[in-house]
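Two complexes are shown next, each including subunit A; its partner changes from subunit B in the first to subunit C in the second.
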Partner chain A sequence: MDILSWDGTLSSGDFRLAACAFMQKWKSVMSAFPPWSWVPCPKQPWGASASHDVEGYLSLENIILRSIEEEHDEISCPQKEETSCSEKEELIDIATLVQSNCSKVPYYDLHIIYSASYRVPVLFFRAYYSDGEPLGFNAIEKDLPAHSAKALLDSKWTFITQEEHPYLNRPWFKLHPCGTSEWMKLLFHVDVSVAKNGVTIELYLLSWLSVVGQVVGLRIPLEMLNQP
Partner chain B sequence: MAADSPSSVRKVVVHLRATGDAPILKQAKFKIPGTDKFAKVIDFLCRQLHRETLFVYVNSAFSPNPDELVIDLYNNFGFDGKLVVNYACSMAWG
Partner chain C sequence: MMEARKYVWEGAIPLQIHLHESEVTTLPPPLPALILAPRIGYLPLLVPHIKPHFSSTLPPGIDTVWFDYKGLPLKWYIPTGILFDLLCAEPERPWNLTVHFRGYPGNILIPCEGEDSVKWSFINSLKEAAYIINGNCKSVMNMSQPDQVELWRSVINAGNLEAYIRVSSKLKLGTVGDEYAADLYSSSLNSRQSIGDTDSTGQVKTGRVPIRLYVWSVNEDFDDLEDAPQIDSWDKISYINRPVEIHGEEGKCFTLLDAVKSLLPEYFPYKSLNNEESSREEDKDEEKVPSENLSEHVESCYSSDDAEVKLVRIQGIEPKLEIPFSWVVNNLVNPEHFLHLCVCLKLPQVKIPSDT
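So, the complex of A and B:
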């Protein structure tokens, strides 16, 4: 792929390739972290089959993205009275107190789904507490890492919308893909090896996630880029 | 390479590079302690350019998390004794 004419997007076939490479790399470097998995989906019976050429998506579910320190840095106990911050509990167990003192820690489900119209990956996500209670838009906004999320969202490189999950028929949040091809082009234009060898599809998702991950607080370890 | 010496006060040379139609800084090279976070570079850039936000990235098609230490970024992405940090302004689509 000639870098000068590359438009920042990839075909559905390339997405599948990129997904495989990404899953492998992740598994080998992030051994302490749960692996991404590929969720195959049957072709939808209606409409343009182009939308679902890929027949699947990447999934990483039930993960905690905030460290315990971050939780305690947050504003002391939210206004909700239903939290377990009752006086009764303070007497019981220091460990329980520390855990439940502020927040319940949200769990995240992340899906990387190919968009046939934009020809780029899209991050769909949702968050919920351990009791299953989902986080609404305001709660999620509060939970996102302040600095980086704000930078990316305010600049309109991407923004959060709520939309029906293309396969699961439930509302999820997503990071809008309209700017993706533009910033993917920027990212790859300065890569020295890319200028020589062309865009490496295997790197696409890693690069993409280095940006998108910042919005939800998923950090890509630098070691991933050093893998052959 | 920076890695050889004790890193307690080692500074990293950072070269800020404008891409797209981002304004070019008059003073684009500076030194920063390796133990500082990348967030400091981002903040510095934003202040210099009078912008709230910028798209900031390094070679190897990667946008570092603001919490990364500058010395770690240098060790992974630096060459010729410096860390090149590229920046672009908000895009002008639609």
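So, the complex of A and C:
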């Protein structure tokens, strides 16, 4: 792939390849974290033949992104209890959601989904407490790292929006993809070693997540981005 | 061309809105509210007109307004006309909806804080359309504040098509050009270019067209729309948000049917058009197709029947599928520059092997 003429975007086939490479790299270098998984998604819920190259997305669920001791940054993967991530959610009134106890640590589900419109990956996420209670917009805002909270204040409707998950028909939070292709292009231009090696597809998602993950407080060490 | 757009812009649906029985605190219960809803508008925008009708009977509390049709909570960010086209196979006039002022189903519907939520959803969609057409969102992001306000006002007060065109033409989202659109409508293209900016409104940029496709499928044929199965859950509708690339073949017109098939390659594997993904898929599918000798013994989803497009509804009309797609795009788009297509597919019959 010619770095100089590349516009920072990705085809959906390349996204699939990038996802495979990403899952491998993550396992080897971010071993303290649970692994990502690929969730295939036939478009039709009534189960038509799936031999067409199936769409899907990357999923990492039930993780803690913030801990009390920042130095140790322990990430744990708790027992998957019967949380509210199933269809049996009860009706809740969003207006009454308040983070009442500051020692409650939220768990996050992260999905990386390809956008055919923007031709880039998009981060969808949601958060909930260990009892399954979901975090609403205000609670999420309080939980995000300080720089994100400020960005949120400045551009409430355009930075993180609450939108329907493209496959799950439920409201999730989404990091707006406008501008992604531009900074991805910049990222790859700046990193000379990457430009020389030209293996952009395989590094795409990792590089992308190293930037985007910071919004939710997910930090990827820079060593991970160097070619082995 | 102006006429078709005017019809779309001025299209409206008569609604009969009933307050949910759990929220009626007075006797006799209030009569339903009757209101004409613009097709290109959104249900939450009607609330200021509906609420006075019911406010005296509502229980105390904070309003969190939502609507349902036969129990299905309605997604407020989908334009009213599309909801109607999708959920009422046989159009119901007036369309009977239920309004709720309490008990917002936050696990199913995204929160709605009134007009602001709708406006931002609209602007984000417009940005997405701009990105698809131009490769960047700049024209929308750089809109002046007064222009933004005027654009939004022209949408809410649907009927002000001239104001909308005046502002939106600055966004350079263009019309889709191909020889079929130009030949048939060259005179109207010229007149369109004379409104607002004169440069580049006829230019095609990336060749990608913003589309939102809503697909519901049936297994059996039905002759009458009244017999079509009721959609009682959003899981029964496949929502596909993917741009269409118009591929002109010399002398051949890219039709509406071509566009629909290109968005559903898994249903129309042999008719996929030549784009980067489908050419790979076509190779794969060719390997998988059983030869004539084997077909009777092998269960095959690629039997001789493709899926059949039973219905394509756009802005309440069902155009002939052979119509040039460029005409559809130029005339039937919504104000945020997305073309919304409601499609009903009849699934192919799966052949069951006849041997033991």
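Here is the rule we use: the second predicted complex is superposed on the first by the 164 of 228 C-alpha atoms of A that agree within 3 Å, B and C clash if a C-alpha of one lies under 4 Å from a C-alpha of the other, contacts with A are read in each partner's own complex, and residues count from 1 in each chain.
One rule holds for everything that comes next: a residue touches a chain if its C-beta (ideal position, glycine included) is under 8 Å from a C-beta of that chain, and two chains touch if they have at least 3 such contacts.
Quantities reported herein were computed from a predicted structural model and do not represent experimental measurements.
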| item | value |
| --- | --- |
| Contacts of A:N169 with subunit B and subunit C, given as first, second, both or neither | second |
| Subunit B versus subunit C as contact partner of A:I112, first or second or both or neither | neither |
| First (subunit B), second (subunit C), both or neither touched by A:C178 | both |
| Which superposed partner A:S12 touches (first subunit B, second subunit C, both, neither) | second |
| Subunit B versus subunit C as contact partner of A:L206, first or second or both or neither | first |
| Subunit B versus subunit C as contact partner of A:V215, first or second or both or neither | neither |
| Which of subunit B and subunit C A:H147 touches, first, second, both or neither | first |
| Subunit B/subunit C common contact set on subunit A | 157, 178-179 |
| Subunit C-facing residues of subunit A, complex | 7, 11-13, 42-46, 48-53, 84, 89-95, 116-118, 134, 136-137, 157-158, 161-164, 166, 169-171, 176, 178-179 |
| Residues of subunit B touching subunit A in the complex | 17, 19-20, 39, 42, 52-55, 57, 59-68, 72-73, 76, 84, 86, 88, 90-91, 93-94 |
| Interface residues, subunit A side, partner subunit B - complex | 147-148, 150-152, 154-157, 178-179, 182-183, 186-194, 203, 206-207, 210-211, 213-214, 219-220, 222, 225-226 |
| Interface residues, subunit C side, partner subunit A - complex | 62, 64, 75, 103-111, 116, 120, 123-124, 127-128, 131-132, 135, 137, 141, 210, 215, 217, 234-236, 238-243, 264-267, 269, 276-277, 280-281, 284-285, 288, 301-302, 347 |
